[in-house]
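Same chain, two partners: chain A is paired with chain B first, then with chain C.
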Partner chain A sequence: MKEFKEVGRPLTRVDAFDKVTGRAKYCYDLLPTDHLVAKMVLATVGNGRVVSIDTSEAEKVPGVVGVFTCFDPDLPTQPFGTAGHPWSCDPAHQDIQDRNILTQRVRQYGDVVAAVVAEDTVAADRAVRAVKVEYEEYPLELTRLEAIDHAEDFPPLHEARPNNIIAHVDNRTEVKGGYDSVEQILEDPQWHRTHIEVKTPRQSQAHIELCLSFAYAEGDRIVVVSSTQLPHICRRIVAQALGRPWGDVRVIKPYIGGGFGNKQDILYEPLNAWLCEKVGGRCVLLELTREEVFAYTRSRQPKECHIDAAWDDDMNLKARSLEGWSNQGSYAAHGHALMANTANSFRQEYSAKELAHHGIATTFYSNETCAGAMRAYGVPEGNWAAEVLMSDIAYDMGWDGAEFRLNNFMELGYRDPFWPGPLCCYSRGIDECVAKGKELIGWDEKRAAYKNQTGPIRHGVGVALFSYKTSVAGLSLETSNVRMNLAQDGSIMLQMGATEIGQGADTVFSQMAAETVGVPTEMVHIVSQQDTDVTPYDSGAYASRQTYVAGTACRKVAEELREKILDYAHFLYPTHQTPFDMRDGVIYDIAGNEVTTIADVSIQSYYHPTNAKQIEAQDGVNVQENTFAMGACFVDLTVDIPLAKVTVNDVVEVHDSGVIINPKTAEQQVHGGIAQSIGMALSEELLTNPKDGSIRNNNLLDYKIPTMMDLPDLRADFVETYDPTGPYGNKALGETPCIPAAPAVRDAILNATGVKFYEAPMTPQRLFEGFKKEGLV
Partner chain B sequence: MYDITYFHEATSVQDAVKALTEHPEAKVIAGGTDVLVQIREGRFGPTELVSIHELRDELWGVVLDEDETICIGPITWFHAVNQDPICQERIPVLCEACDTPGGPQLRVSGTIGGNVANGITSADTASTLFAYGARLVLEGPHGRRTVPIEEWYAGPGKTVREHDEILVSIQIPRDHYEGFYGDYIKYGKRNALEIATMGCCCLVKLTDDHETIEDVRFAYGVAGPTPCRSHAAEEAARGKTVAEAAELVGDAALEDLHPRDSWRASKDFRMQLIKEMTKRALVNAANKGGSSASWK
Partner chain C sequence: MEMKILSCTVNGKPVQVGYDVRECLLDTLHDRLGLTSVKRGCEVGECGACTVLIDGVATDTCLYLTAWAEGKTIETVEGLQAPDGTLDPVQQAFVDEFAVQCGFCIPGIIMSAEELVRTGKTYTRDEIRKALSGHLCRCTGYQNIITAVERAVDLVNGFVGEDGDAA
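What follows is the complex of A and B.
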């Protein structure tokens, strides 16, 4: 394994001081004082059509500048897609374009039918309440049964897809072992078999900073400052929605207070830009309320999976089939990509011994609120399905769940048969992850101690593993561009297209650049803010792609910059023999003699009388390879059966994310992910009111994020493999921490009580029902 | 931004009463942890406010009367009640209850008076005050009147307080607390930032053997539209040993209490909680008084 100097340092985040002192600039901090505010008029029916809108009272409210409705003649008519995916020049691979800035056809409760622009929010709120909207209501189609099986009974949600099917994919692997089909294996009486049905919730990203943007005109162009994960994609989609040339739109992305995938969609930036146009280019702020963010932005897709499996007496899975449905809601947004990830991750993780695998995955429209990307993008749902199955089998067979899982886990060299490009298990530290996790949690001791419990209070220990591809290389475009230049003192300005969204990207990119150029990280100044007019192109923060893809670009540009510095050093000191080397900012010749420093080279490059030019490098990469991160989670908990209450006592999550660029920020990343996954296990879900399709608990009280009081000290650990495809041996870590804790909690509850739960979150209500069914209360 | 059209910072209780008389739509605000949330939600539209926030001389703090009645000023923060030496010594279960609303920030702005004045069944201190038989003193344009807490609630979110009356004191007479040990169990779906799914307070007085129940009170939040007691559970427990009573009180409480079905929790689940929490609150309270009974 390569020795690193800057990579691997447990550095404090480069933005830590500014963020904790309040100096860091977020969207709201950049807002001009003379701005107007916009508020949306949201549909109060779940399915229907706007018949008329009366704005006369609203327009009379003092402070109102304008009320704009879905009947506005200036409203762009071309639909647009909102997913934060790279554009494809091939129409067949473009995202579904099914949304308008304001809509007459109401497809969900909260669809935007009009908007108010006013001098302040009080005036805007009063005007919104004064807008009178008349609807023609249609019956609601919320469930799979209504939306798929009875689609013909409802007026079509989207004319292009009257059957509500966004995608339906049926994948069968090659059948081994002399069988003809996966069904034949599943029916072979010599194997054990089971059928289970699992559900996962509409989890919310629940980032702390709300969704907001502001827009103003500059010359003939529109500037949008947005809390987005992907400024370059935002530029493209705003322009597409407005029907303007893409260069007419400039997007600026300052620091953002979390996104977790919600800001991987372009949400209301197009509306914001259009309202700005409508008021003559004055600056308009569109900041959602917390309630609006919960209910009317994006959330994890609610999913349901039916699973069949067969296995032998020796801990070998023989075959599995999964049929899954994803309730996408009113608009396609990310389309089938999420459900595909669910089915793919289910297939990939325990692929080692299977003779055949069958996966059917469907994504459908309904009147539910529009879902979208959330951290780990469909994989927590696939992992829930895979792990609940393993949990049941190990419990029923009396096996050690960790051993059973390891025996079936993806092997080194595994290649996914359905991934269009290379997706391979290039490095595999799962055995070490499990060994470390078992030791830290006290697996063997606890399993022995928790046998044969009785009484109302019981203890359990559980395990879950996961695998996760790094980036979307091989499936979708993976490109990234980076610029670096030298300041006079030899420090390096680093400008990434990839974005800091709270995950620590700026810090690890600074370390990478420093590593490859050959300077201490302290000499790298990263430009955190992206501005599409000046920032090199990158698709943005999602898919745990940035350290891998943008990291590759960062290394490439750093190599180029380093070459230029060394070349210039040789120009300055031609008597020294090349190749030169640079370590810690000091340049050496082939013999190891000190030649000069980067500071000297840099200042001469600025002010040399005959050969002055700033040393800089800019370049991009197309990454084609893709590899798997993996890991294991162990949970110890206590179940109070009569009160249906789970207390998590200890969590250990061990990750193989390849080489860890920064152990401190990596650990923090894992802590946050565990908390999110425990939320999915026990409490987090947005609830739809079946009467009108509205969200019942769209606030931070009724949407139950675990608090500090609900979590034990979270323990993160790492097994560092060196992945040959990662720029510094690194693999995904951004999203993986929020995958395995949920099923590990489920496994521990089973260990404690003997009761099998299939639906997440396992709320007190569901636990009570489960315990009651089993006669425990 | 809050849609507030009138704001009066009262200089005395009588000044607040006068402002309320002059502004028939005005709301009283103290800590603001309920009222501001509701204004923000647009629940009242444009809102007029009369603030009693600054009336610390008249409405803050805990004092002991000459007859040892505990008098709690209604604008006393939850945290201040929790930390008060008089409360800690004589009514520690109220201190426990005052440590459960929201989080630390809320408990240094939310007030105990607001917690009963809002009339909400889930209010964390309400069931405990109910168990203690608190008396609520109101002051209006025509002077003061005292309302026993049993007569305070007029329906969900409603109390008998008239628009121009201010809650000025929460009083617990000596014979209501002396000799009682208590326990408050808040059942929430998480351990902080939570409104109770069910709340149960038990006060128990034991005979000299520390095992026989001389007197007992069970009071609940969220078991009905307003906080309430279960006299059936109290009847079932009186005169029995703690261990005997523990087996009976849960089912007995269900004779009195009729929780509702909602999306937050089913009726069945709430009944299970009542049953189990009644038992545990009794045993926990009795354990503090020296009983060796166990609910497990």
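What follows is the complex of A and C.
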């Protein structure tokens, strides 16, 4: 493994000081005092059409500047897609464009049919309540049965897809072992067989900062300041939605208070920008309420998977098939990609011994609220399916679940046959992850101690593994650009297109730049805020791509900057023999003699009488490789059967994310991910009202993210492999921590009680029903 | 809109500020006094992001009318640093223990932690969990936040050892 100096340091986060003092500026903190406030008029039916809107009373509310409806003659008519993906010049690979800034066709409860702009929030709220909307209501199509099997009974949600199918993928691997088909293996009586049906919930990202933006005109252009994960994509989508040249739009992204995928969609920035245009370019704020964020932004897609599997007596999976459905809701957004990711991850993780695999993934429109990206993008759902299956098999066969999983886990060199570009298991530390995790949790001791329990209070220990691709290279464009320049004192100004969204990106990029240039990280100053007018292009924060893709760009630009510094040093000190080297900001010649320092080179480069120029470098990369991160989670818990209550006592999660750039910020990611996954396991689910499609629990009281009281101490650990494709041997880490804890909790409940649960979250009600069915209560 | 003048003490300074009588203290502190650490996350007392100390008591300012703050002493994280900029022990512990990620919930949690530290008592991790459970954080799983508060309490109140058992 390569020796690093700056990479691997547990450095204090570069943003920590500003965030504990209130200096860090988020979107709302930058809002000009002189601004107007926009509020949305949201549909109160779940399916239908707006017949008319009466704005006369609303316009009389004191402080109202304007009321703008879906019948406005200035409203841009071209639909746009909201998904935060890189644009594709190939129309076949563009996201579905099915949304309008304001809509006459109501496809979900809360579709935006009009908006008010007023002098203040109170006036805007009052005016919204005074807008009278008349709807023609259509019957609701909320379920798979209604949306797919009976699509023809309803008026089409989207004319382009009258059958409501957004995407359908059917992948069959090559069949090995002398069989003709996967079905033949699954039906072969010499193997053990099972069929299970699993469900995962509509989970909310539930970031603590709301979704908000403000927009104002500057010259002939429009500036949008937004709490977004991807400013450059935001610029493109706002411009597309407005029908303006892309250069007309400038997007500024300050610190953001969490995103977790929800801010990977460009939802209301186009409306915000259009309202700004409608009021003559005055600054307009559009901040959603917490209730609106829950119900009308994005959420993890609710999914249902049916699985068949066959295995032998020696812990080898023979074949698996998965048929999955994803209820995407009212608009396509990321929909097509998410269910595919679910099926892909299900296939990839336990691919080692299978003779054949069959995966079918269907994503459909319905009148449910629109789903989208959430941390790990479909993989927690695929992992739930894969791990619940492994959990059942190991339990039924009396096997050690960790050993059984390892025996079937993706092998080094595995390539996914259906990934359109290179995706390979280039490094594999799963055995060490499992060994470490078992040791830390006390796996063998606990499994022995928890055998043959009786009584109402029981203990369980569980395991789940995961694999996760790093970035989306091969499937979608992976590009990133970076700029660096030298300040007069030899410190380095680093400007990344990639964004800080709380995950610690700015800190690790600073360490990467320092590592390659040859200075201490303390000499790197990163510009945290992105501004599309000046920031180099990057797709943004998603897919656990940034340390891998933007990290590759960072290394490349750092190499270029280093070369330029050393070249200038040679210009200054030509008697020394090259090649020069730089370590800790000190420049050495070929013989190892100290030549000068970076500070000396910098100041001379700025003010040299005949050769003055700022030393800078800017470049970009197209990353074509893709690799797998992986890991294991172990959970110890107590089940109070009569109370249907689960108490998580201990969690250990061990990750192979390749080389760890900063062990402390890496640990942070794991802690937070475990908490989100435990939320998915036990308490988090947005509930849809079947009467109108509205969300019933759209607040932080009724939608239960874990509180401090709900979590034990969380233990994060790492096994450091060196991945040959990562810029510093590193692999994905941003999203992976939120994958395996949920099925590990499920496995531990099975270990404790012998009861199999298939639907997450395992709320007290579901636990009670399960225990009752098995005669435990 | 009816405006009134609020007189109170904010971060050690006497302040007079005009406010709309319908206004909550969150908006007055953030929008009128520029104290950007006071964050809006829910407006109904569910998340704790807008917590400040009012006469030493951690309070959700989204649920607190500005009118009620007349004559009160208000503290936010902007007032915690020493005059030379040195961080207060709680702030420093949050930095050192990597308690901060997106940072949006952090100023509110720091203010509740200040309230704990000032009791002069020591707390177990479970007691810290209970005392701060009104604060929601989505990034951290709370792990390092609890460790930071534990460290600050022990540092300020001179306790050493595990869970304050050396007290």
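By definition in this document, the second predicted complex is superposed on the first by the 777 of 777 C-alpha atoms of A that agree within 3 Å, B and C clash if a C-alpha of one lies under 4 Å from a C-alpha of the other, contacts with A are read in each partner's own complex, and residues count from 1 in each chain.
Just so it is clear, contacts are C-beta pairs under 8 Å (C-beta built on N, C-alpha and C of every residue); 3 or more make two chains touch, one makes a residue touch a chain.
Predicted model, so just to flag it, every value in this text is computed and none were measured.
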| item | value |
| --- | --- |
| Touching partner for A:P456 - first (chain B), second (chain C), both, neither | first |
| Touching partner for A:T763 - first (chain B), second (chain C), both, neither | first |
| Touched partner set for A:Y255, first chain B, second chain C, both or neither | second |
| First, second, both or neither for A:A206, with chain B first and chain C second | second |
| Which superposed partner A:M708 touches (first chain B, second chain C, both, neither) | both |
| Winner by number of chain A residues touched, once chain B and chain C are compared | C |
| Partner chain(s) touched by A:R126 [first = chain B, second = chain C, both, neither] | first |
| Contacts of A:A644 with chain B and chain C, given as first, second, both or neither | first |
| First, second, both or neither for A:S683, with chain B first and chain C second | first |
| Partner chain(s) touched by A:V20 [first = chain B, second = chain C, both, neither] | second |
| Where chain A meets both chain C and chain B, residue numbers | 120, 122, 700-701, 706-709 |
| Complex interface listing, chain B residues touching chain A | 1-3, 42, 45-46, 103, 187, 189-195, 197, 263-266, 268-269, 272-273, 276-277, 296 |
| Chain C residues touching chain A - in the complex, by the definition given at the top | 1, 22, 30-31, 35-37, 39-44, 46-47, 49, 76-78, 80-81, 87, 91, 94-96, 98, 100-107, 110, 125, 128-130, 132-133, 135-146 |
| Contact footprint of chain B on chain A as seen in their complex | 120-122, 125-126, 129, 455-457, 642-644, 683, 687, 689, 696, 700-702, 704, 706-710, 763-765, 768-769, 772, 777 |
| Residue ranges of chain A touching chain C (in the complex, touch as defined) | 12-13, 15-26, 28-29, 33, 120, 122, 205-210, 255-258, 260, 287, 289-290, 501-504, 664-665, 667-668, 671-676, 699-701, 705-709, 711, 713-714 |
